[in-house]
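Per-chain residue numbering starts at 1, and chain names A, B, C and D are given in the order in which the chains are listed.
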Amino acid sequence: MSLSNLSYILRRTVSAVLTIFAIIILNFILFRLLPGDPITLLYRSPALTQHQINLLTEEFGLNQPLWIQFVIFFKNSLMGNFGISFFYKQPVTSIIIPAIKNSLILLIPANLMAILLGMFTGAISAWHRGKKIDSTILGTSLALYAMPTFWLGSMLIVVALHVGNIPVEGMYSIDVLNQSAIIRFWDLLGHLALPLITLTLVLYGEFTIVMRNSLLDVLSEDFILTAKAKGATDSRILWRHAFPNGLLPLVSLIAISFGLVIGGVIFTEIVFSWPGIGFVTYTAIFMRDYPVLQGAFFLITITVVLANYFADFVYSYIDPRIRYQ
Amino acid sequence: MNPLMNYLGQLRKSKIGLVGWGIILTFVFIAIFAPLISPYNPNAISGAYYQHPSMLHLFGTNQEGQDLFSQNMYGTRIPLIVGTTAALVAVVLGLLVGLFSGYFGGVPDEILMRITDFFLVVPAIVLMIVISALIGGTLTNVILIIGGLSWPMTARVVRSMVLSIKEWPFVEVAKSSNGSSLYIMFKHILPNVMPVVFANAALSVANAIFTQAALVFIGVGDVTDLSWGNIMHFAYINGTITTGIWWYMIPPGIFIVLLTVGFIFLSTSFETIFNPRTRRI
Amino acid sequence: MIEASDVKKYYPVKNTLFSRTGRYVKALDGVSLSIDKGVIHSLVGETGSGKSTFGRIVMALTSPTAGIVKIDGVDLFSLKKKDLKSMRKRIQIIFQDPYSSLNPKLKIRASITEPLKLNHIEYDEKKIAAVVESVGLKPAEDYLDRFPGELSGGQRQRTAIARAFAISPELIVADEPVSMVDVSIRADFLNLLKETNRKENLTVLLITHDLFVASYISDRISVLYLGKIVEESDKNGIVGHPLHPYTQALLDSIPVLGEGEREVNIKGEIPNPIDIPPGCRFHPRCPFVMDKCRQVEPEFREIETGHFVSCHLY
Amino acid sequence: MLEIRDLIVKYKTSKGSVSAVDRISLEIDKGTIFGLVGESGSGKTTLGLSILRILSPNASIESGDILVSGTNITKLKEREMRNWRGKKIAMVFQGAMSSLNPLMTVEEQVAEPLIIHENMERSLANRKARDNLANVGLGENILKRYPHELSGGMKQRVVIAMAIIGHPELLIADEPTTALDVVTQHRIMKLFKALRDEYGITIIMISHDLPIVAEVANSMAIMYGGKISEVGNAREVVTKSKHPYTQGLIKSIPNPKSSEVIRGIPGEPVSLVNPSPGCRFYDRCSFRRDICKTYDYNPAVLDGQHKVYCNLYEVGKQ
């Protein structure tokens, strides 16, 4: 590992740490200073006893000056302590952590499938630019890109109910909870099917369009002509020369599109009542459960920052021009 | 040729652009003449609840027995208003930040870009949901929230263009002819970033329409005003999807897709006409 | 007219966010040059020699790291803003690329009147037409209301010249003005520049990589290598009997129509201006290198009347 | 070796059909360097691309024949043509900077033609790549490098090594020296001469730079407006130029040895969109006569090879 490599890593690390710091500040500001802040809500909340309120006030320093509140808040954020859910009366962490896990079960395969599909169909579309297959792929992608996630999910539910016997709600059927792991696994897969398809399709649109555009740029480059002049076959030109170069913008998009992915996840989870972080956020809004909302917001943003951070390394590994800079 | 005439002249040859304008103008027409087009008062009960689509109720009726066709027609207004105004806020902010940041560079640029990066990393939709939930999603709030959080993309794009344009010889020539910074920024650089800004603005409108619908759907937007998102919100919370009321949610979704695609096409037409090198679709 | 002494321009090599490497790209490493009024002076060098940086410094578009540039005895970089403004009325620049030196969104008329407007100089339609026609764009009204995109490369180059001539400058800095136009159009430009020089006593700093172009119109030529002038003389001195081995190699490399090929005595490629060789900066490539050259930087001395060279051979 | 007969290549653009190559006929001898000189928009690059049949999708060979070593390549199927590219005919493109794939090492790119055509084992192909790079004056140390780590001159050599690794009979070099410094230009030209002399490769050198081409080429053609205006022995074309355009071109090149005033050619380059019939140079020619408006491009043969496409000279006579 060279010195410049090390400095790149260092630079990215510092930037990620700063971003996390900024997120904590933002989180603090949002939930303390805006109208409807949680302190007043805390005192008004009929769900809590006076004793609980006192304990929370003490723990979060709510009777202390603002800057001490911030120091306490900062520490708590880093320790993962977001207090007690108004609604569930449990530590926020114990609600959010399993939810994150459930979201990842949905998010990771959907994102991977969308990327892979997008990459290849986008490439094919660009190669056959202007032909029928291009307009088909492009049209589909555009429509999917423009489709609200919750609407697409709802439409799939309508279809599924028509076909019959496809789970459209939750992660497990109630009657499998005491069954063996294998049965539970198959049940999970069944429940995963529709949300997974929804999320994959929603993400697929954008990845395809980006891949197609970036490959169109690459295909007009001189080195593609050079490859052609060498006698390379079409498939060699596309997959060996153009594809890796076209991938670069896609990778950087993947890095910054976690925000998009999160949006997709939230709405998919809401429609299918998938008990992930999005669904938790939704119910927290509905129940005015601010500690949970705050914790969810913090964890979602941190996850995105970290995902970004790692995507940058993948990018620097793929592109030698960055590696050696 | 002046740019507007050039655009209009080229537009005739751009199928995408014509389709985009066609879609958008149709919806604008619907929004303006909603009272004439709608057979019923959208808020009045005009029949039994959950009626199937029929000649009487083209899109059926909802849980209250209100006419869904009329609701969808009136529901065109809010998305268009929020979409264009929020996009305007976002684009003007993004343009100014990008222009100043790119042109002056240095510490202000560094700070502005840190902020931009931050908002690009933090998932905007989550932030919007949280803020709307906290301060309440009235029409103005939603416009300000969407506009105020969507400018970083435009700022980034404009800044990177400014960075390259300001190195162009014609800028140096203007500088050496005693052109002031503001003169150069607005006379030389601005006209050259405008095509991209237009393309971005059209995309921003698409995004804002989309986001507004999402916020209303999730229940943090303004659920009292009629809009496509609002119709879908009630379709969802009344459990129509799983209870066989399939017709309730279809039209607003299709309208959102159409209008969004319209603005995407518009954006593409700006890009291809003003910068033929990027001709893509 | 121009008096530059020991002008240096270093750009720090930025590697990381936190630390600078402490290394510099030495674009100009001590250039001294004086140009008399009414003279066409060429600065000839390869890519990376620093020639364009020097032009930008003379235009006060960037400030030198060290050294002084005087125009008519006035230090350019200690001028107040107001005085710099009036100084700039006297200098104009013409750039290499006729495609990017005109704003594509401005009509030709706007481009040409810009220096007049910005400098609050009165003008009328007749004057604009006269300027445009003087560079060969006739009749003027055919061109004034068009956009640069509607003109050919040669016409754009002429527009750029007309703009520079519009405020009747005393000094023109021409940065590679012909490298991107076709040969058949190039000649007219050079003749026009020369003609204006003779008629209006215009001073010209011509920055070019082409020694033949320089020799065609210049009164004096300076050869720049890695941020330093290695040889300076009048046209005959440089082209007729070049002294510096680098100038000789440059001349031998350029083919002359109808003549055969010559042996070129030069090794390697131009080094990175971050790592300028010690001693004579040309020594790693020099066919006549001596021990002394590796250690001692040669002085820039007058070998013959008006012919300066920095080389240990003399 | 190469014979082009009545070749017509047209581009379809939004402004109309562009005749970039308009009924051109040429013959090039084996083992020689043939210079193709013209200014921007003369059609010289299009002519080069036609020989490899790698024109952009909006361009096509309308009619005419291109015979390489007796085979009419315009009649070959695309699949067969592919076997010619990089093997029998190779090309070096304008701007070496951008003709290398930024994500592949020098070694991979130079060896690629062998892997494509000979299905050669990678290690053997790599060894050949190394030898080939040595032939163009590059050391082993650059094998594993990426294009952005090389200087302009080095990239140009890599591109040449890549073109000649398949031992082509014909090499087309499009502006191989543009954007290089004069010293590097000179070296690249020497390299081309060596390729001709040592390997007997036939080279077509496309350039706007008349003096450079005149120095290395055995014979050359001057192109203007999609047509050839003069063709012949390189020395002859330069020293006894006959066409008004060639003469104008030569007069506009500064020569430090003479004190002669250089003169540009008046007017603007001719547009290739639906050109008017007759001589393409008509508008800018100072010797034009009315009959030039209907000139049919029948060359006047001066002596042997030297042909000039101009009404001032009578067909068949000197």
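We adopt the following convention: contacts are C-beta pairs under 8 Å (C-beta built on N, C-alpha and C of every residue); 3 or more make two chains touch, one makes a residue touch a chain.
All of these numbers come straight from a predicted model, not from anything done at the bench.
For the interfaces A-B and A-D, the C-beta contact count is higher for A-B. Here B is the chain whose Cα centre lies closest to the centre of all protein Cα atoms.
In whole angstrom, the spacing between the mean C-alpha positions of chain A and chain B is 22. Mean C-alpha positions place chain A and chain D at a centre distance of 53 Å. Inter-chain spacing, taken between the CA centroids of chain A and chain C, is 54 Å. Of all the residues in chain D, the ones that touch chain A in their complex are 52, 54, 82-87, 90-91, 93-95, 98-104, 112-113, 116-117, 146, 148-149, 159, 162. Note for the complex: chain C touches chain B at residues 56, 59-61, 85, 88-89, 91-93, 95-97, 100-106, 111, 114-115, 118-119, 147, 160, 163, 167.
Considering their complex, residues 46-47, 152-155, 182-191, 209, 211-213, 215-216, 235, 239, 249-250, 252-258, 260-261, 264, 266, 269-270 of chain C touch chain D.
On the side of chain B, the complex with chain C involves touching residues 1, 3, 168-170, 172-179, 183, 188, 191-192.
Of all residues in chain A, those touching chain B in their complex are 15, 18-19, 22-23, 26, 30-31, 34-37, 138, 142-143, 145-152, 154-155, 157-158, 161, 168-169, 212-213, 216, 256, 258-260, 262-263, 266-267, 270-271, 281-282, 285-286, 293, 297, 300-301, 304-305, 308.
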